[in-house]
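Quick one: the structure is below, and I'll ask about it shortly.
Chain IDs A, B, C, D, E and F follow the sequence of writing; residue 1 opens each chain.
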Amino acid sequence: MAQRTPGFSGADLANVLNEAAIMAATRNKKVIDNEEMLLSIEKVMMGPERKSRILSTKEKEITAYHEAGHALVAHYLPHADPVHKISIIARGQAGGYTLKLPDCDKHMQGKQEFIEEIAVLLGGYLTEQTVYGEVTTGATSDLRRATHLARKLVTDFGMSDRLGPRTFGEKEEMIFLGREIHEQRDYSEKVAEQIDQEINVFIQQGRVQAEKIIQQHRSELDKISQELIINETIEKGAFEKLVGPKPLA
Amino acid sequence: MAQRTPGFSGADLANVLNEAAIMAATRNKKVIDNEEMLLSIEKVMMGPERKSRILSTKEKEITAYHEAGHALVAHYLPHADPVHKISIIARGQAGGYTLKLPDCDKHMQGKQEFIEEIAVLLGGYLTEQTVYGEVTTGATSDLRRATHLARKLVTDFGMSDRLGPRTFGEKEEMIFLGREIHEQRDYSEKVAEQIDQEINVFIQQGRVQAEKIIQQHRSELDKISQELIINETIEKGAFEKLVGPKPLA
Amino acid sequence: MAQRTPGFSGADLANVLNEAAIMAATRNKKVIDNEEMLLSIEKVMMGPERKSRILSTKEKEITAYHEAGHALVAHYLPHADPVHKISIIARGQAGGYTLKLPDCDKHMQGKQEFIEEIAVLLGGYLTEQTVYGEVTTGATSDLRRATHLARKLVTDFGMSDRLGPRTFGEKEEMIFLGREIHEQRDYSEKVAEQIDQEINVFIQQGRVQAEKIIQQHRSELDKISQELIINETIEKGAFEKLVGPKPLA
Amino acid sequence: MAQRTPGFSGADLANVLNEAAIMAATRNKKVIDNEEMLLSIEKVMMGPERKSRILSTKEKEITAYHEAGHALVAHYLPHADPVHKISIIARGQAGGYTLKLPDCDKHMQGKQEFIEEIAVLLGGYLTEQTVYGEVTTGATSDLRRATHLARKLVTDFGMSDRLGPRTFGEKEEMIFLGREIHEQRDYSEKVAEQIDQEINVFIQQGRVQAEKIIQQHRSELDKISQELIINETIEKGAFEKLVGPKPLA
Amino acid sequence: MAQRTPGFSGADLANVLNEAAIMAATRNKKVIDNEEMLLSIEKVMMGPERKSRILSTKEKEITAYHEAGHALVAHYLPHADPVHKISIIARGQAGGYTLKLPDCDKHMQGKQEFIEEIAVLLGGYLTEQTVYGEVTTGATSDLRRATHLARKLVTDFGMSDRLGPRTFGEKEEMIFLGREIHEQRDYSEKVAEQIDQEINVFIQQGRVQAEKIIQQHRSELDKISQELIINETIEKGAFEKLVGPKPLA
Amino acid sequence: MAQRTPGFSGADLANVLNEAAIMAATRNKKVIDNEEMLLSIEKVMMGPERKSRILSTKEKEITAYHEAGHALVAHYLPHADPVHKISIIARGQAGGYTLKLPDCDKHMQGKQEFIEEIAVLLGGYLTEQTVYGEVTTGATSDLRRATHLARKLVTDFGMSDRLGPRTFGEKEEMIFLGREIHEQRDYSEKVAEQIDQEINVFIQQGRVQAEKIIQQHRSELDKISQELIINETIEKGAFEKLVGPKPLA
């Protein structure tokens, strides 16, 4: 149930091109099309499909709502990348995924964009909570990433008004036999408490934004998840038929 | 006195099949039956029987009540897997064990299921407390696992309403000569206190559920443990004759 | 001045049998008798006698009272193993020792038994305090073991009602060149305080039990220590002549 | 968006001379001119230009304002080195940069100079905040360096009146396989809080100075950034045409 | 200015005998006398004499008073070993020393003996304070040893009534390339404070005992130190002529 | 701007003699004179002169006042060693230095001498503060050494009346591949606070003594620094012409 914003390493890019070339060859094409490129990107980003993983009907439904939640929140938040595909076919570690692709490269990100990214990450968790009244273990990696983001806003990006324009924590590399990055605490316990509180503030801001969308578009959530249960994947076009085009920022 | 929910590694599976094949061959069978499969699963999960371990009459009784407690709680909790076998024959580290098998694969688990898992884990401890007024060292690994579960609900799964949808603690791998996973505390002392309190809340919730069942079905506890003292093991069929079929959720 | 409850490793057992065989051979016996077995157990458990260590008259008296204290408390506590031998001949690290042997194997232990074990461990220390008004360094390993036991009741066995049915502290093995077990604190400072307090509660419970026996049987303490000063060892039979047979639980 | 005060290692100097020699040779010059020297210094200090990095119009504008902010604050603060060049062409890690060169070597620096250095470092961040109401991730390394400076004022240079003429923290080198400098905390939690507060005081002092300049010279900010968006770089001469010569201290 | 109670390792004993044999041979003796033995013990315990170390008149006087203080306190405390020799000739690390030899072997020590040992250790420091109103660096190793002793009373020997019959701190050996004994704190901050306070209590008890003797025998202090300034060493006989025989306990 | 009290290692001494021999040979002398000895000591203690380091007029003035401050405070404090030379020629790491030589060897030092040593160390820092109203980075190593001294008074020498005659902190050597001395905190947070406060007390005492001298002899400061700006070094004789002979203690 992970969802990723692209961000490829050199090795990733080589993999994507290899995959696409193989796919094109298999299909007897002489050139690699946009279609092969997107499928390869998906495979490299999320890992290969794991069709052997058989979900119970209930699990399938939860997964569908979870991914529908990510997609819905991403759709209605102005800075979130547009949804390209939603799937409840397991890939790698993830039970399902929502693929978003930005319209252009991004080199700088503001606080509001991060809050929305947190909101999208919480979208699956909060949808489960809204629909079932409780959440599953499926949201763990979403929560971990949202927490990391919120922490970086506070300790690296100077985006907490309360803690001000400074950074916290000394990163250091310790090389024994392997390589390990250890973060040394260079602040007092009192500041540690303030950092905790500010992380909560950002998590809470993302939560409020996501919850508002989930409540206002409750029926669309049902539609997307019904569609996912039936077809397992929804492409961008089909998605926008269900929820309309992404609203302008 | 441990009790395990299945969850096999690849090596475990290979072991199970080997054991089953050997068992079938020993019995001059040409195919591996369900019976050999279950016995092999039991052996791989719990270790070989240790008949040399001779319990005193008192210890045998305590072990019987302890396992009866696990089984009873698992039987009456809607999300717990059905009991397949109870035994007070020592296997590996455990003095006795209760084998539960799920009706189908599970990939996602909700808070209520975890609370019930904690309740089942505490079932032996609480039964000893109810019957004898005090507990033995036999519950240590049950308590350790219940604590680990409760901690994960709070720090990994975002299931504490008070601490909210975020994670706590940075896992890092330190590779010297061996391999060690070290969890770095990335939160303040105040949050550490809240985590402690929330772990207690979940332990307490499991405890309340287990205690209720133990008190309401006190006489069944006696029946199961009597039977165990006499026959040392109770299979699913015999178990359900004593306590009735597992109630529907 | 240590006193040990048996608990042998495989290597210990091999040592015991070797010692017994050598002893029997030296005595021109063809079979190993119970006598050789017990002497070998003593030697393996406590180390060889160190007759070269010459105690002053005062030290001999203190040692005698110290061991008498262990023996007396063990004798009058229902769950403590019966006393087999008391000695003030130095063995290994210990200046004297009290050998207790259980009537049968034990696999499970309840809180009350542990409290009594703590009481027996404190028996020497408290006897010194009663007789001389102060204690010597001879009790250090007794205190260390009592503290370890009390800690395990709280952190591993779930026997503190206040802290409840859970465990505390993550054991981890770190393998560099040697092997080291490191216990990582996974709880808050507040819980650390509660653990300290609960350890004190169990130490205090053991202390009260031991002190009661020491005060009620003050004259027997004198008799045992007089006997020890004269003969250096007291065997089970002679011991029970002084204090009567171990009372039934 | 970094900005650096020169401070070269021996290896840096060798690199600068090599670069300058190559550049002069490419231009068929027999001697290395001031021009080649400055370009080489720029290249060694900031890394090679990364023209492949294509910024969106919005990102270009933000970068332009960010660098304009650094330059403006440096220009109006008496102790800051004069601005030699501003650029929004990406180099190495930085999206843009402001190159300042001191008029003479500096061996000693006073508190007021450091506060101004902090002010210049915060100039980009605060300009983004003023112009857009929020900041981007582009200021992270500026903030990290400002924090390091502020910490050194407090813990190494004795420049906090409240904490007085002493140092804090024991630097130690731990040599395993690699080399690591670890700072050991040799003070109480209470002092750690005071250090945190004093760091904030210095950051705040730099902030106030920078904000005052940004508000008083708001229109010049727009002019510099317009110019940067059009021409991508502004040399010292052009810069001073926009904002006048650097005021005397 | 150290003072040591004997406690020899096997290697120490071998060294003592070698030294004594060489000394006897040098003196053309066929047997080793008590005299050679004592001189060798002194040399092995304190290191060789360092006559090259030339003290100023003032330093000589301070050293004389310091050693006189150790000797005086040891002389008047009932459990302290009798003084065999006082010297202000530098040996090894020490500027002077007071040699005490017990009348018999000791295997057990009570709290009162430890308090007196602390008192003797503080004797030099407190004498400097009494005579000069301030102390020198010469007392450092005395203070370190007194602190270690006081800590052991509290954490290892159970001699603090307030903290009770238990031990504190887990000793662990970490073997990398060398060998290191690391003491792991296994108690809360609150207990750490109590340990600090109890250490102070024992230090204070020793201090009070030493100060009382120093004040009551002020003129003897002057006599001993005068004698030391003139002759540099005082043997047991000469010492007892100055202060009388050691009072009976 | 460092200033050092001599304290040579064996290797240092060998270096001094070598330097002196070379210098004498260069000057065609057959014996090493006092003059060559002093110059060699200076070179070994402070490193070779670094004439290439060109200070601005302002920096030269600050350095001159800084060194004048060290010298003045040393001159007027009774226990400080007499000033032998002041210099603002850079040597090794230091921008200038004040060379003091004791009249005789010292083996013991009292609290008052340490306070004065701290006062001399703070002399440069406080002079900058008095003259310019702020300090430069040039005082860092002075402050570090003053802090180390103050800490040792408290934790090693028992010179804090409040913390009493004991030591704090366990020194341990950890030998991996290199050698590292690690100081383990063996006291509570509360004691850590008291140590911080006592360090401040000693720093403050040194500060008060130095400030008094700087204020009372303000005009001499100007004279010394004028002289240093003109001649770069002042020898003992010239120094005493400016300020008179060192007052008797």
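Observations on the model:
One rule holds for everything that comes next: a residue touches a chain if its C-beta (ideal position, glycine included) is under 8 Å from a C-beta of that chain, and two chains touch if they have at least 3 such contacts.
Given the structure is predicted, the values throughout are model-derived calculations rather than measurements.
With contact taken as defined at the outset, there is no chain that touches subunit B as well as subunit C.
Both copies, subunit D and subunit F, contribute mostly unmatched positions to the interface they share, with under half of the numbers common to the two. With chains reduced to the mean position of their C-alpha atoms, the one farthest from subunit C is D.
In whole angstrom, the spacing between the mean C-alpha positions of subunit A and subunit D is 34. Between the CA-based centres of subunit A and subunit C the separation comes to 60 Å, rounded to the whole angstrom. Per-chain Cα centroids separate subunit C from subunit D by 69 Å. Multi-chain contact residues, meaning those touching two or more other chains, occur in subunit C at positions 176-177, 189. Taken as a graph of touching chains, this assembly is arranged as a ring, one closed cycle with exactly two partners per chain. All chains form one closed ring of contacts, and listing them from subunit D in the direction of subunit F gives D, F, E, C, B, A. Chain contact summary for the complex, subunit E toward subunit F: residues 53-56, 59, 62-63, 95, 122, 125-126, 132, 134-140, 143-144, 146-147, 150-151, 176-178, 180, 182-183, 189, 192-193, 195-196, 199-200, 203-204, 207.
Partner subunit E is touched in their complex by these residues of subunit F: 104-112, 156-159, 164-168, 170, 172-177, 184, 186-191.
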